[in-house]
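Same chain, two partners: chain A is paired with chain B first, then with chain C.
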Partner chain A sequence: MMAKSRYFYCLFLMNSLINIINFTPRELLDTRFDGAQSSILVAVVTGTLFIYLFTKVINKFPGKGLPEIFASALPRLLASPLILIYAVLWYFAGALILLSFVDITLRFVSPDTHPTAVLLGFLAVVCLCSRIDPLSLLYGLEVTLGITLPLILYTTVKAVVNPNFSWDAVLQMMTYSLHPPDMNSIAAATFTFSGYINMAIFNRVFHGLKLKHVWILSLEGLLVLLVTFYVPIGYHGTVGVERHVYTWFTTADSIRIEAFLVERMLYIFYFAYSTLALVSAIIQWHVGKELFLSQLPSTGGKPKAKLRREVVILGIFAGGTLFLMRMDQYNLNMLGVFLLHVRWYGELLLILLLFWCYWIIRRRRA
Partner chain B sequence: MSGQEHKQEASLNGIRGQLSGFGDLEDKSLTVPAGQVSLLYIKSVTDGQAISRNIIAPFYEMGNPAGYYSYIADYPGSEVVTEGPRAVELLLSGYACIGWQDKLCFFDVLRAEASSVKETVTESISQGPSDALGENLAVNLNLIRRRYQSAALKMEFTVIGNMSKTKAAILYDEDRVNPEVLAELKEKLDSLKLDILQAAGELEKYISSDKLRIFPKTIVTERPDRVVFNLAEGKVAILLDTTGYAIVLPSIFNDFFIAMDDKIQLPFVGRFLKLLRILGVAMTLWLPALYIAFTSYNPEIVRVQIALLIGGSRATVPYPSFVEVILMMIMMEFLTEASLRLPRAIGPTATTVGGLILGQAATAAGLIGNIMIILVSVVAISNFLVPLNMMSFSIRVLKYFFVIAAAFLGLIGVVICLVGFTLYLCSQRSFGQPYFKLFFLDTIGTSLKKKGGGQ
Partner chain C sequence: MRGRVVRAMLLILLSTVMAMLISGCNYKDIDRRIFVVAIGIDPGKAEGTFKVSLKLAIPQGDVTKIDEKMQILTEESESISEALRRMKSKVEKELDYVHCKSVVLGEKIAAKDIRHVVDWAVRRRDIQLIINFAVGRPGALEVLQVKPPSERIPSNSLILAMSGQGTESPFISSVYSYQLMRSIYEKGIDPILPIIEVPEENQFLIDKIALLDKNKIKLVLTPDETRLFNLLSRSDLQTNFPAHIGNGMYQYYTESSSSSYRIVNPPDGEPYIRYTIKIRAILEENSTEEMITHQMLKKINEAGAAELREAVTALLVKIQDSGMDPLGWGLRYGSRHWNNATEMSDWENLYPQLKFQVKADVDVKYSGMIK
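What follows is the complex of A and B.
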């Protein structure tokens, strides 16, 4: 059984949708007068370029994950630390989503539930599910997108056609478009495009990825970024928008649904994004777990031994996240922004490394 | 080339070749000193008495093959056949084949088990066939062969259970079946170590690999038309003697939501009915959990009016919503279980006691909110929208996971449960086939290609 190329788009879509949750809108809105809009354009171009280059090179290694590729081309002393660094990155990506969502849940949905209880609930489902095989995870991702995408589209359309949405504020904002781009914003905005990076492990179930219409990806990314950036401005005003931590959740809370059992858009938004965020955390931890597993000596195909290792790794993941929960909102944000940067350079490095591996292997064969 | 021509002409060996793998094919030669004739028939569709009375007895009485052959050929309803395909067709539709020298004659000995076949009980439909599988394997095979007259339908027999010695027939369409599934099934059946096997559901429990699971991976059905429908889709059916149910595998999640009258309805009506079922499942799973979330954790989610209405109806209820929900749902389960076991004559008592006394009195006493009563009835009814019992029972159990998660974490518990079970469903495999994913996306792609669209 192997995955169809369609699932690559699912991975992409997942990342581009969840970027709205926390760090990307805040980073973009912080620099809204200093080049956020031009950064969005730069991010769309570089993001698409990254996707194009990455899929080109990963296609040369059908059915192989990052550990296998590195093992076949690089010396062990170089490959192992690199993979461990990437594994830690992936772990933090998943953990940050969970921690953000615990904070959001506490602030917007269940103020009386104990934060640890919420996090334990999240950790239970994420740890259990990240043990599932990659192909099933892709099926699950697609089903989740099938559930959440209509809700997200509804939220977006409802937000934009709302009479309370101030187009004047948006037009006012556009007068700042010609400002030169800003590094922070580019790093934040390219996160929209970085769903492809999970192919580092998921490529194991893809045999010959056939991508058609890459421009759809850049168009979708551009639309998502524009919505992410302009809709909060349309609701909170060009200046008022900076007062919110979870900008998009406050924005969703400003919208009223007139004819439904649920009156506040926030809950629809929260339901859709929490579902998607959990699945994305599961996928990220799956990648992190697989990268760590690849660095342990082979178990010789014994399922019991593999299970024990997975339990240890996921236990460490969960324990680390519980420890990270002691961070306050400010530190969480700093870590998130730091990670956005590191991730971007990491992606660039990964693509270069893959091209290098391909070059080494080709030279060896010749 | 030569093989093709060989097939075209009716010959005993040709027939034998085409019907290889037919466990119920009877192939005998009748011998008297003056010569011999061959007798071929398929046991499950023929009448054994008619064969011995009209075919076998006259042969030995006459003692003369040539005379006997002309007796058979002249018998009303008999047919002398020279073409291969027609010969197999006749055999499958209940004829016996008598071969003498190179000539083949077909003699009508069809057995139609109309009288002893009962009507469906657990899977009733509004229109369409109402025959149900019985407890006699031969009758069941007859029911299926009559609906699936193809030489590709193979039957293999085996015996399961050291003590019960239950006869089992494995049926599959040779051209459409996935050979890996078949191999895996046979391997599992061979490795079974059982003493007693009495029901189809029992067997499904033994041949599924993982012990901890809530979703059925094989359909247990009493409808021969469902078996045939699935056989044509390339699935394998196992029929057991002494049980009125067949097992169909591999079965994926969507298969459990197909009712056999979907095909009879107009396309839009059929789709609407399927949508109803999905909605029913969603409601039965989520309503109790959401009720807990809305009353105990997040009353601000729903409109103020609704929140007030629920709050008002719970004004006298002396315990948290979780207790209320669990209490009422357990009551409902008691009622369902009890009305299943009660003798027919006392049946109405259960509904009276349950519906009137429990519902009315409990709310009047202030133990249960009015809304809760409505909710429990909706949950109980929508649960049984699922056409297949196995799945509707799974969902009956599943809703308690949602209730418990909601009791601990409110709305976020429901979300966690939803994600968990979605991924769990996706991780399941039924004999190597993915159990749950967005299958319709796969079919959209292929149907576009078939129509020449898409590109």
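What follows is the complex of A and C.
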């Protein structure tokens, strides 16, 4: 079985939608007077360029994941540490989504529940599901997007057509766009485009990725970033917006829907994003787990041994996340911003490494 | 095979335990909760304290046989949260703020500083951002005590009136907490709040707007000015306006209305704001015995437009004289200028010199059911 190319778009879409939850809007809004808007444009260009280069080079290795590619081209002493570093990065990406969402759940939906209970619930789902085979994960992702995308679009449209939406605040913000871009904002905004990076493992089920219309990806990324940035400003003002912690959830809380089952948009938004966040964490941890697994000596095809290893790895993942729960709101944010930066450089390095691998293999063949 | 079954059983057991952990933790059923439907905040007896009042709705089963049951709790303390915690000891059930829809600020609080209360209401995680804020006159407690005979669910009348879901009065403007928060911190727009009065027992009256200079009431508009303010600040206001011709008085009902404005700063000449108001209307009342002809409709249009123009100009000048900016002209000025460092000081110099041009376009299309 192999995956069709449209699942690549699903991976991209998932990542671009999930960025709204926590760090991207916060970083962009923090620098809204000093270059967030030009950073968005820079991020669209670099993001598209990264996608283009990555898909070009990964196409040279049909059906192979990152561990196989590195193993075939790089010396083991170099490949192993690199893979381990990337595995840790993927682990943190998933863990941060979970931690953010535990925080959001406690703040907005059930303040009375114990944080650990919420996290344990999330961890149970994520750990059990990240063991599923990659192809099924992609199918699941597609279905999830099918459910959540209409809800997210509904929220966005409803947000913008609200007569209380302050277009003057948005236009006032736009007059601040002539600023040189800012590094933090670029790192935050490019996260919208980094869904492709999960192909490092998922490429195992893609045999020859055929991408049509890469410009659609840039357009979608640009739209998502503009919505992420401007809609909260329309609701909370150019100055007041800095006072909100989970900007997008408070924005969803500010939208009232009349003549509908529920009055608060927050619940619809929360439902859509909790589903998407869990699927996203599952996919990140699946990649992380596979990367770790690839560094352990072969089990010789025994399913029991593989299961035991997976349980240990996911157990460590879950334990680490429980430990990270001790961070407060500001520590969590600092870690998130740090990770946004590291992830960006990591992506760049990964693309360069892949080109290098390709070059080595070609030279070997010649 | 058997190992598989055991494992599946274990998995089911595990997930059940998980599910129980998640939903069961501290969860209280509806019969152990009392819903707070409105919060009133007045100054306490001692200086710097708050008198917090909660209006509670008691959940009842059968909707058709509802007999309104409500309770009001009051507590004084130096902080709002402390007062709320103390009130927990006055009821046997858990206070639940999730369905709270309105916060009424006592007039004395609004005359001093509203920011403390707004900060509290936005900061608390279980209070919605689409909660309606209003000023209660003479105090918040008096407003909460109102129980109109038409009301079947506690505080429902207040909620329906303030949010515009029930009555669509042209005199009421609803202000959500996120809007209040936005205009408190935004440069170039000042907050407004509707005023709820209690003229007689079990009846409230919401027909005035208070203009605030970021933190306290500076000016209160009359009902007529409030209606004009709403005409300028939102579209499709459903109201009536008069037109006098000779001794005759005509009233037209606005089917649709819209208003827009431009700030014009010509290089040679005085800066001005040009308001354009467009109204499509139906004739509703005619004090003369004469039939309405096409000619007459046109005259009504002109007379109505002239009266509207005059009234709106007077309101705009009054707002300008108060020095406040409830309609967000400063923000509009900033959004059209790219000199971010200086635009707001430019605006502050410009604002007192502004002149107003009002272009009213009244179009009475029909004479009603009779000519």
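The definition used in the following text is that the second predicted complex is superposed on the first by the 366 of 366 C-alpha atoms of A that agree within 3 Å, B and C clash if a C-alpha of one lies under 4 Å from a C-alpha of the other, contacts with A are read in each partner's own complex, and residues count from 1 in each chain.
Here, a residue touches a chain if its C-beta (ideal position, glycine included) is under 8 Å from a C-beta of that chain, and two chains touch if they have at least 3 such contacts.
Here the structure is a predicted model, which is why all the values come from computation and not from measurement.
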Checklist entry - So, does A:Gly315 touch the first partner chain B, the second partner chain C, both, or neither? => result neither
Next on the checklist: For A:Arg264, using the defined touch cut-off, is the partner it touches chain B, chain C, both, or neither? Pick first, second, both or neither.
Outcome noted: both
Next on the checklist: By the touch definition at the top of the document, which applies to A:Ala117: first (chain B), second (chain C), both, or neither?
Outcome noted: both
Checklist entry - After lining up the shared chain so the two structures overlap, which partner does A:Phe108 touch, if you call chain B first and chain C second: first, second, both or neither? => result second
Next on the checklist: Quick check on the superposed pair: does A:Leu278 touch chain B, chain C, both, or neither? Answer first, second, both or neither.
Outcome noted: first
Checklist entry - Does the superposition put A:Pro150 against chain B (first), chain C (second), both, or neither? => result neither
Next on the checklist: Just to be sure I read the superposition right, which of the two partners does A:Cys129 touch: chain B = first, chain C = second, or both, or neither?
Outcome noted: first
Next on the checklist: I'd like to know which partner A:Gly140 touches here: chain B for first, chain C for second, both or neither.
Outcome noted: first
Checklist entry - Residues on chain A in contact with chain B in one complex and with chain C in the other? => result 112-113, 117-118, 121, 124, 263-264
Item to check | chain B residues touching chain A - in the complex, by the definition given at the top | outcome: 297-298, 300-304, 306, 405, 408-413, 415-416, 418-420, 422-427, 434, 436-438, 441-442, 445
Checklist outcome for this item: Contacts from chain C onto chain A in the complex sit at residues 14-15, 18-19, 21-22, 25-28, 122, 125-126, 128-130, 165, 176, 178-179, 181-189, 234-235, 328, 331-332, 334-338, 340
Next on the checklist: Per the contact definition, I'd like the list of chain A residues that touch chain B in the complex.
Outcome noted: 1, 4, 6, 105, 109-110, 112-113, 117-118, 121-122, 124-125, 128-129, 132-133, 135-137, 139-140, 142-144, 146-147, 261-264, 267, 270-271, 274-275, 278-279, 282
Checklist entry - What residues of chain A sit close enough to touch chain C in their complex? => result 33, 107-108, 111-114, 117-118, 120-121, 124, 163-164, 166, 168-172, 174-176, 178, 235-240, 243, 250, 253-256, 258, 263-264, 266
